[in-house]
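Please find the structures below.
In what follows, chain A forms one complex with chain B and a second complex with chain C.
== the complex of A and B ==
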């Protein structure tokens, strides 16, 4: 017996690796008509791991102190060998993570994968979406630049629109009346410890749920697109005659990750400052608000909504309602039809919603 | 046969690409984690002669490591590396006895850095000192 066979056998006797591989990889069958959109989850997992690795690397040189943060980031960019690469990977990666996350959600919406019995998958995914927004927001402050400082000032300020407790809440979030060194401490702890752990936990939950219930059948390329789930007992959605996860679908996952990397490197090497306006290169100055301060692109619609409504509270309430609706979508949309073209009302609403979102973002950008 | 050659060729290509990508990640990572060279100012350290009291020792940073300067009647100004030649602790100056003591394993050195007793195998490394109109320059 060769060495490889020996090791393989040794592990199998102790861990049952053969049956595990059979169950989770080669014997794990996916629907025949599964498409590339289903690999976005793997792409997101890959991006998240990359963010963790680059984040840990940045922690080596970053100093979470209001007096030193900006200088430490400058040092990472200018003096540490390849520091610019690590930092730009983290910055660009965070934006790309939000982008891919939006695509992942859209594919789930259009292919009806959120529907019963996958409400819990949708909810856990929705929570992940919010956590990603939160980790982006808290990370934004850390370089302690003018952009960081004022974007955080604006973002935390909007919480003040909540009646009665608003102003106290703002102060609580900031750790003081204004954004300052205590805010940096809080956001740093949230960004590097609290939120990442929570995201990891919810990714775990999200995957366990997927594993338990089985992959949903895409509605495309099928005559019958209705879900025949009845809702009386638990049933794992099997896909007899489907394609094995390994090697077939893993290859698709790898292909998508490679395509993603091509896009990622294109931004990283040809337009690294795409997501960094020039205020990101000026140290924070609490006495000087720069003109035209705007949040990141994915917060622009929220920002514009807040400006549109006469009272901040109304703007906040509308956003809260929209988010609640999105979270509860699988409980509201009880139909079993999954094909987007056979769901005209859904199509009209979702496309309208997306256009509204994009329109608000563009408006916010140019106003 | 042709098929097998093709397979082998593609395998070699894949292997090459894989090692190139690993190197492209590993090299920046290695450089990122390597210590950053100190911004050195010509490597020389200067003191005013009047700032150093007789018989006292002055500890300072020299070339990224600890060094000591002593001034006394008999030998004038001496600069030594303060790193014990045994296991690398920093020696202490004992003013009353005019000796260096290494606190780790009780190594003792004279003011010139020669070993009196204890485990140190070699004398303390002397540093070059020059004095020009009241300024002591080390290095």
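== the complex of A and C ==
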């Protein structure tokens, strides 16, 4: 018996690996009409892992001290072997994570995968989306550049708008009256510990929910596109005669990851500064406000919306209402039809919403 | 400023969203997101709000290299920039406006080397005898970054013929162009996170040496010193070339990485197809 077989047998006796592999990999069947959009979840897991690895590497040299942070990032970019690559991977990766996350959410929306009984999958995913936004925001401060400093100053100022507790919350976030060294400490802890752990926990919840309920069937290429589940008892959505996750769909996942990497490398090596304006390379100066500071691309629609309304309260309220609607969508949209072309109201609203979002982002960029 | 305030509000929206969802909290207050901005000194506040000749210095100063580098009224004129009542009190060090012969000394408190160059030049030797002071060429409030363009027929021919200044300008133009080019490239590299501080310091020193020639009227000496400065600038140009080469190498690696990823995707796709 070969060494491999010996080890395989040894593990199977103790852990039941053969049955585990059968259940979770080779015997884990997916719908026959599954498409590439379903692999975006795996792409996101890959990106998150890459962010963790590059983040840990950056932690080796980064100093979370207001007097040393900028210099430490400059050192990483210029003196640490391949430091520029690690840092730019982390920066580009964070932006790409938001982009792919948006595509993942859109695919779930268009294929009706958020519908009952997957309300909790959608909610956990929506919370993950907000957590990714939060980790991006906290990471913004860490290089202690002009961009970091002023973005955080105005962001923490805005928390003051929350009734009753706003001013206390501002001081709590900043660790003082103004953004300063204590703020960096707080954001650092949030960015490298609290939020990543929370994201990991919600990823786990998201995957457990997926594993319990089963993969949804895409509505394309089928005669019957309505969900037949009545919601009276628990049901695992099985796909008899489907394709196995391993090796078939895992290869599709890997193909998508490779295509993602091609896009990632294109941005990384040819225009990583797409996400880093010049102010990102100037040390923070509390006495000098940069003239033209704009938010990251995914906040541009929010930025422009706030400018459109006569009061900031209205702008915030409208956006809050829109986000609340999106979070509660599976509870509002109770229809069983999943095919987007058979949901004209949904199609009109979603395409209109996407165009509005893109339009506001472009407007915000050039305004 | 308005944009910056709004941006702050939207940054926080993502964190507020969860609060909106979980508690349905209704906001009853408008956001007053104003960034902490350094307030202007009293000199600028008072003169800036006036009209006519009292407002002119502030208007001119705003477009100057001094304003760009945070050099305020009190840095030259003294006084107390934080106390409106005593801002122009001699007891608080207010100097006011210098007399014509005092101008080089007034500017020379900071520009020590330039003062020495000026006083040693023909221009400086004619101070008080119809010769130019600093502000004749550089202006009094709208002081611009010194470039070779300051030597021009309009400026020089106010006092004498342009023949000699044009010879000086010709001798210095190529070096000035190199300095401007290097400065612009360093700014580009800095905007990409490349540590240019050592090169900037070196260029600063070279540029200052070069600018001392702006008060030199001996063309032979200008040619000699310009040649030496050119040698130092050549080293900087070589450093820039190396940085450019590094960028090119990184792009080449990028092309290979992209090609590898695409090839891997293609192979995997074909493999999946073969399993159907």
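Following the convention adopted for this analysis, the second predicted complex is superposed on the first by the 362 of 367 C-alpha atoms of A that agree within 3 Å, B and C clash if a C-alpha of one lies under 4 Å from a C-alpha of the other, contacts with A are read in each partner's own complex, and residues count from 1 in each chain.
Here is the rule we go by: contacts are C-beta pairs under 8 Å (C-beta built on N, C-alpha and C of every residue); 3 or more make two chains touch, one makes a residue touch a chain.
What you see is a predicted model, and the numbers here were worked out from it, not measured in a lab.
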Which superposed partner A:318 touches (first chain B, second chain C, both, neither): neither
Partner chain(s) touched by A:150 [first = chain B, second = chain C, both, neither]: second
Which superposed partner A:276 touches (first chain B, second chain C, both, neither): second
Partner with the higher number of touched chain A residues, chain C or chain B: C
Touched partner set for A:362, first chain B, second chain C, both or neither: neither
Partner chain in contact with A:60 - chain B first, chain C second, else both or neither: first
Contacts of A:207 with chain B and chain C, given as first, second, both or neither: neither
Footprint overlap on chain A, where chain B in one structure and chain C in the other make contact: 79
Chain A partner contacts - residues on chain B that touch it in the complex: 28-29, 31-34, 36
Of all residues in chain A, those that touch chain B in their complex: 57, 60, 79-83, 85-86
Residue ranges of chain C touching chain A (in the complex, touch as defined): 1, 3-21, 24-38, 70, 190-195, 250-251, 253-255, 257-258, 261-262, 264-265, 268-269, 271-272, 275
Chain C contact footprint on chain A (complex, rising order): 74, 77-79, 84, 87, 127, 130, 133-134, 137, 150-151, 153-163, 166, 178-179, 247-248, 251-252, 254-255, 258-259, 261-262, 265-266, 268-270, 273, 276, 278, 280-281, 286-290, 292-295, 299, 302-303, 305-307, 311-313, 315-317, 319-321, 323-324, 327-328
